[in-house]
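Two complexes follow with subunit A in common, the first pairing it with subunit B and the second with subunit C.
Up next, the complex of A and B:
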C-alpha cells in the first residue's frame, strides 16, 4: 500500500504534470499566425476578449486543442492496456496495425463516399467516420487475434502478427492512395502520417463520447489489468478468466484507437512511450498508470502539435512525424537498454 | 560412424543436385520472364521482334522501345530482386532470425529517406550520386542492426530486432514523406516510397550491376562462415571465428546490395523475407547453396511481380512495393505461426 510519503510524492508529480500541460495549453493558444498574448488568452477564456480574439480562440484553436487532448488520452490508454495484456512493453496500437486498420477503413470510405478527400466533408461523414474507423480497427484486431491464436495466445506471436497486419494494411493503403487525384493524394498522405485536421466542434462532439465511455470502462477494469500483467498462471490461480478479460479489454482498446485515428490519422509511438514515462513516474498500478499516461501523452501531443504548426509556418507538418521524431529514438533506447 | 559420414555425404550430394536443379530451371524461367516482360506493355511487341532486336540492334521504333525502356527496366527488376533476396538471406543468417529482411529491419527505408533528401536538394540528380545517398541511408539502419545484433553473446532477441527495425522504418518513411511534401515532390517521390521500376535507366542499371556483382561475390565467399554463425554464436566462436567481423562484413554487403536496389527501384518490401525462406526449405540450411539459389529465385520473383504490377490495372502501374508486401505478409504470418516458439 501507499505510504504517506509516497502519496505526497505522487501528488507532487501529478501537479507538476498538470502545470506543464496547462502551460503548453496556454502557449499553444498563444502562438500561431494570429498571435494572442498570454494574458489576453486568459482574459478571452473568461469572456473578456474582443470578438476577433474570441473567434480565433473558440472556433479555431480551442477545438483543435481539445481534439489533441482526446486523441492523446485515447492512444495512451489504449497503449497502456495493450502493453498490459500482451505483457510486452513495446506494444502500441500503431505498431500492432490497429491504427492502420482504422486508417484504411476511413480512406476506403472516403474513396467510395464522395471521392473528394476532406475538402467538403459533410456532417454525416464527420459523425460516421469514428464508427467506420472503429470497424476498421476492430477488423484489424480480429485478424491479429485469430492469426495469433494457436491453442491460446502467445504475446510475442500477437505482436509479430500485428506487425505483419500493419504492413499488409499499409500496402493496401498505398494502392488506394494512388487512385486519388494529386491534391487529394497529398491530403491523404498528410492525414495518414498523423495530423489533427478535424478542428471544429463537430469533431469534438463526434469523438468525445467514445473516448470518455471506453476510458471509464477501462479504468473500471484496471485491477484485471494488474492481475493480467502478473502472468497467465498467476491470473488463473487468482480466478481470473484470462482470455475473456483479455478479449474485452482488447475490444475497448480498439474502440479508443479507432476513434483517435478517425480524427487524427495514424499517430504512431505515442501510445508506446507515454505508458513508459508514466510507469517511471507512478509505478505499475494501472489505476494510477492509466490517467498518468493519458496526462503525459497529452503533454507530448500538444507540444508536438504546437511545434508542427509553427516550426515551418505557414506550412504545417503532420504532427505524427513530430511525435515519431521524439518517440523513435526513445523506443530504440528502450530496446538497447535491456 | 562411417555410415553417418556416408549419409552426410549423400545429403550434401542431394543438396547440390537440388540447388543445381533450382538454378538451371530458375534461369530458364527467368529468361522466359524477361522476354515476356519486354514484349508486354502499352505497345505490344511480338516475341520474334524482341529476340531480333536483342540480337541485332536496329533503329526502328520497336527496337528503340525495347533497348531504351523495356530492357533496362526488366534487367533492373531481375537485379533488384536478386540482390534483395541475397540481402535477406545474409540477414537471416547473421541475426539467426527467420523473419529478417532489409525492409523489416529499416534498411530500405533508410535508403529511401536519404534519396528523398537528395531529390529535395537537387532535382536532376545523377544515378551515381543517388546511389551514394542510398548507401548512406542504408548504413544508418544497417549500423543499428549491427549494434543490436552484436551486443552480447546471446544477442538481442529476434523480436526486439524486428520491433526496432519496424520503428526505425516507420520513422524514416514518415520523414521521407514529409520531405516529399515540403519540396513539392510527392508525385516524384511517391513511387520511390512505394517502390517501382518506372524510373529505371541504363545508367543506374549498370551501376547497380557492378556494385551488386561485387556484393554477391563477397557474399558467396562469406557464405560458409554465415552458415556456421547461423548455427549459434557459441559454436562459431568455438570454431575460432571472429563473429563480429563476419557480421560487420555481412552488414556491409547488405548495405551495398539493398542500398543500390533502392536507388534503382525504390522501397520494395518483404522480397528478402520470402525468397530465402522458400530456398531454405528446399536446399537446407547451408548458405553456400542458399545464397546462389536466392539470387536466381529473387530475380524471378521480381520480374514476374513487375509484369503483374504493369498488367493488373492498365494503363496505370501498381506500386510494386505494395504488391510484394501483400505477397510477403501471408508468408510472414506463416513463419511466425510456425517458428514463434523457437524465437
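Up next, the complex of A and C:
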C-alpha cells in the first residue's frame, strides 16, 4: 500500500537523510585537533592512510561515531515505541524516568565503588556499567508498571506515574551527587547531561549486539505498534492481546534506553523529537517510522557531538547540552503549533 | 442457530453490577439491534462480548466456542468490532487503514500477501470507495470515514460484525447510507450483524431481531413488530409511545411519544 506521499517521495526522503548522515560523518573528521580531509577519510578507511590518520580514525573517531549512532538509534526507537504504547506524543524514556533510573543506578554504583568505577576504565568496568544501568532502567520500569497497574495498564496512568518516578529519581540523584567530592560531582554532572565518554571498541562490542537485537525485535513488532495506535478497543477487536504486547514492548524499550544511558548518560529530547520529525517525514506506519526515527536521531546526535567537541575546543561540552539547545526550540515550536 | 450466546453473564464496573445473569442469544446470519435508554447497559454488553471488557461471571460463546478457550487472534478471525468514535492516527490513506483489518490473518513481519490485497480491494468495492484508496483519511467526510471503518472490519473477513452506535454522529442521509450498506452486506454475505443503536426507528427498520435492555436485563426480544408495541416501549424507555406502520415498507415506527 502506498502512502499518499508516494513511494518515490519516501525513497527521496530516506536518501536525503542518508546523505545528510554521511556528510556529517565526513565533516566530523575534518574538524578538531587533528583534521582529516574527506578524501583522506576514504583513503584511510581502505587502509591507504598514514599511521597517524589510521590511529585517529580507527581507535578514536570511528568507535565514538559508532557509539553515537547506536545510542541515537536506541533512544529514537525506544522513544517511538513509548509514544506508540502510551498514545502520547510527549513520551520518551527520559520523561518516563527510565533514563533517570539507569543514571541513578550507575551513580549509586559509583558511589559505593568510591568513585573508582568511573575513573578506572578496566574491561570489567566497561562491561558492568551497562548491566548496572540496565538494572536501574529495569527497576524504574518495573516500579512504574506496577504502580500504574489497575486491572491492566492505562496509557495515561503510565505516563503520569513515569513523570512522578522521574522526579523522585532525579531528586535522589541530586542528593547522591552532593555527597561526592567536587571533582566527581562534576564528572557525574557531565555524565548525566549526556556525554559519549565511551570511546573505544570495547564499548562498541558491549553495546552493538544488544542494541541490534532489541531493535530487530521491535521492528518485528512494527505492525502490532500500528494496531495499538488505533486504540484499545480496535486493537482488541483485531486480535491483539494488548496487555501482553504493551508489556513486551515496554521491556524492549527499557533494554534499549538502559543501554543508551549506560554508555552516554541521560540525553534529553532525542527520544522525544526524533519520532516527531520522522512522523512528519514518512507518516505513522512503524515499519518505516522506526528506521527513520533512528536515522533522524543519528543525524542530530552526530551533529551535536561534532559541535560539542569543537565549538569550545579544547574543552569538550557534554553532548546532551547541545542536543538540548537544538531540542528545546523545536519542542517549544511543537507546543505552540497545537 | 446462534452466533453468539451468553450464559449467566454478569458485568460490573468496580463494585457496581451493571449486568446480572444475562442470557442473550444472537441469531446467525441476521441483523440484530440492541436498544435501550442511556446507561441501560447495552454498550457494556456489546463491549463485553467484544472482549473489550472482562465479565465478572458467566460464559460467552462465539459459534459454540467459549471465548475464554480461544486465542485473541482466532476470535478476531470470527468476529470484528467497530467501536463508537474510532480514531485513526494522522497520515494514513484509506487503503492503509483498511489493510489493518488483515492483521489477524498475517504473520511474521506482516507483509501483505496477494490474498490480503484481494480482500482489501473487495472491501473497498463493497463500500463503493475503490477510487479513494490512496486518499488521506483526513480528507474524508464523516460518512465516508465511517464507511472506511466498515471496510476495515470487512477486510477482517469475519462471520460476525459488532457495531457500537455506528450512526450516532452522522446526519440523516449518511445514517441511512451506512445502515443500507450493512443491510446489503447481511443479505449478500449472510454476515451476522449486531448493532447497538440509539435511533429507535432505524433500529426497527433494519433489524431482523431486536433486543430491548433495561437495567442490564433483557426486557423483551423478538422481531421488530413484536418489540415495537406501546407496552414494550414503555418497559424499555419509560415512554408512552404511538406506534404505526409507515406507508412505504409497512414497518413499525414510533411517530411520537410522551413522557409517562
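Remarks
Here is the rule we use: the second predicted complex is superposed on the first by the 332 of 338 C-alpha atoms of A that agree within 3 Å, B and C clash if a C-alpha of one lies under 4 Å from a C-alpha of the other, contacts with A are read in each partner's own complex, and residues count from 1 in each chain.
To be clear about the criterion, a contact is a pair of C-beta atoms (placed from the backbone, for glycine too) under 8 Å apart; a residue touches a chain by one contact, two chains touch by 3 or more.
Small disclaimer: the values here were computed from a predicted structure and weren't measured.
Judged by the touch definition given at the top, the superposed model places A:147 against subunit B, while subunit C stays out of reach.
After overlaying the two complexes on the shared chain, residue contacts for A:175 are found with subunit B alone; subunit C is out of touch. Considering which of subunit B and subunit C touches more of subunit A, the answer is B. Touch criterion not met for A:7: it reaches neither subunit B nor subunit C. Of the two partner chains placed by superposition, only subunit C is touched by A:284; subunit B is not.
Looking at the shared chain after the overlay, A:331 reaches subunit B, while subunit C stays out of its contact range. By the touch criterion defined above, A:222 lies against subunit C but remains apart from subunit B after alignment on the C-alpha atoms of chain A. Common to the subunit B and subunit C contact sets on subunit A is no residue at all.
Of all residues in subunit B, those touching subunit A in their complex are 99, 104, 144, 147-148, 151, 156, 159-160, 162-164, 166-168, 170-171, 174-175, 177-178, 181-182, 186-187, 190, 194, 269-270, 316, 318-319, 321-323, 325-326, 328-329, 332-333, 336-337, 340-341, 343. Interface residues of subunit A facing subunit B in the complex, by the touch rule stated above, are 90, 94-95, 147, 150, 154, 156-157, 159-161, 163-168, 170-172, 174-175, 177-178, 182, 185-186, 189-190, 193-194, 268-269, 312, 315, 317-318, 320-321, 324-325, 327-328, 331-332, 335-336, 338.
Across the interface of their complex, subunit A is touched by residues 47, 50-52, 54, 71-77, 79-83, 86-93, 95-96, 99-101, 103-104, 106, 108-110, 112, 120, 134-136, 153, 156, 162 of subunit C.
Within the complex formed with subunit C, the residues of subunit A that make contact are 1-4, 151, 219-220, 222-223, 226-227, 229-234, 236-241, 279, 283-285, 287.
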